[in-house]
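A quick write-up on the structure given underneath.
The letters A, B, C, D, E and F name the chains in turn, as written, and every chain counts its residues from 1.
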Amino acid sequence: MPYVNVRVTRDGVTVEQKRRVVEEITRTLVDVLGKRPEHIHVIIDEVEPENWGFAGVLTTDYRRAQE
Amino acid sequence: MPYVNVRVTRDGVTVEQKRRVVEEITRTLVDVLGKRPEHIHVIIDEVEPENWGFAGVLTTDYRRAQE
Amino acid sequence: MPYVNVRVTRDGVTVEQKRRVVEEITRTLVDVLGKRPEHIHVIIDEVEPENWGFAGVLTTDYRRAQE
Amino acid sequence: MPYVNVRVTRDGVTVEQKRRVVEEITRTLVDVLGKRPEHIHVIIDEVEPENWGFAGVLTTDYRRAQE
Amino acid sequence: MPYVNVRVTRDGVTVEQKRRVVEEITRTLVDVLGKRPEHIHVIIDEVEPENWGFAGVLTTDYRRAQE
Amino acid sequence: MPYVNVRVTRDGVTVEQKRRVVEEITRTLVDVLGKRPEHIHVIIDEVEPENWGFAGVLTTDYRRAQE
């Protein structure tokens, strides 16, 4: 009975990309762990870059510094 | 000291429904586990149907297929 | 398609109490939100009191101070 | 390899406040646990007050009652 | 900067299975979303079956009823 | 009303370290966001290194490769 939570920065992820993420992760859990698809939930959280801190700074600041 | 996270698809849940969900879950934890209400937090996350995968497909696609 | 996560301190919660928590929270989501039981997952996390901080102190210290 | 999730009510938290929260929590994990900054992720979730239940009522109702 | 949390019932998942789950989910996020591997964290939580409620009953009871 | 979840690998974190993590994070939320201490919960999850994937491999394998 798996539950999967995928958290990524909100950067224009398309519906088609979400479709593939859900499809592939579900297949992984079916293939590797023998789970039944109808027991698998995959929730994608898109997080604003200014709400995601990495290495001590906000992702928005981090990216600006990388440029 | 309970913390509860309820995740549901965003489908027009009303404030009155949220009120009842919080009230009833809090009462359950008070009655069954003897917790004090002022230590109980219940957070409701409303997730876009296109971000919730079930049985390998997005909920939006799943619902369309059920129609 | 609800997913519920209940986090409580590990204080000897019995199987019968877990049974009631799952049963009542599921009924709340069915009654209030019209969800189908077979789409509802409720996960209970029992957290060691020394891993749960409240009001700036560990629950173990907090309880000792209350005595 | 720490992951931190900070959940607060959405009450006009500024970018500068998010910056400080991320900076200080990262420093705490570096100083106290000896973690490397580039392994630390801090995600801030801003939750609508009507989606946050406390002591059995929604935060919006709780605040109104405190006034 | 993805973070993934996989929650499954604790049913004798082997290290080799965990290895494949982490490897495949990471590859999915790299291939589909273009993320960098060194920014991807995947945490597997193994939950005791008696702590996982499904369709209103504990997984332990659910399985017993299926036999 | 903040809730904080700190997830780290289980590597012999001491009670004194947990005490400082809780104390400092609570102070950060009080100082930066003006929250009240008695509304702040900080939960520390210690995750087995073999359950934490990073950069596509389990932390146990990652560390072995670094040696």
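Here is the rule we use: a contact is a pair of C-beta atoms (placed from the backbone, for glycine too) under 8 Å apart; a residue touches a chain by one contact, two chains touch by 3 or more.
Treat the numbers as computed from the prediction; the structure is a model and nothing was measured.
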item: Count of contact steps on the shortest path from chain C to chain F; value: 1
item: Mutual neighbours - chains that touch chain B and chain C alike; value: A, F
item: Pair with more cross-chain C-beta pairs in contact, given A-E and A-D; value: A-E
item: Distance-maximising chain from chain F - centres being C-alpha averages; value: B
item: Duplicate of the C-F contact set - from D-F, C-E or B-C, the pair where over half of the pairs recur; value: C-E
item: Chain E against chain C, contact positions shared by both copies (same if over half, else different); value: different
item: Inter-chain centre distance, chain B versus chain D - centres from mean C-alpha coordinates, in Å; value: 20
item: Distance from the mean Cα position of chain F to that of chain B, given in whole angstrom; value: 25
item: Sequence positions of chain A contacting 2 or more other chains; value: 1, 3, 7, 21, 25, 41, 43, 52, 54
item: Chains touching one another, given as label pairs in label order; value: A-B, A-C, A-D, A-E, B-C, B-D, B-F, C-E, C-F, D-E, D-F, E-F
item: Of all residues in chain F, those that touch chain B in their complex; value: 1, 3, 41, 43
item: Chain D to chain A touching residues, read off their complex; value: 15, 18-19, 21-23, 25-27, 37-38, 40-46
item: Complex contact set, residues of chain C against chain B; value: 1-9, 13, 17, 20-21, 24-25, 28-29, 32-33, 35, 39, 52, 54, 59
item: Parts of chain B lying in touch with chain A, wherever the complex brings them together; value: 7, 47, 50-58, 60-61
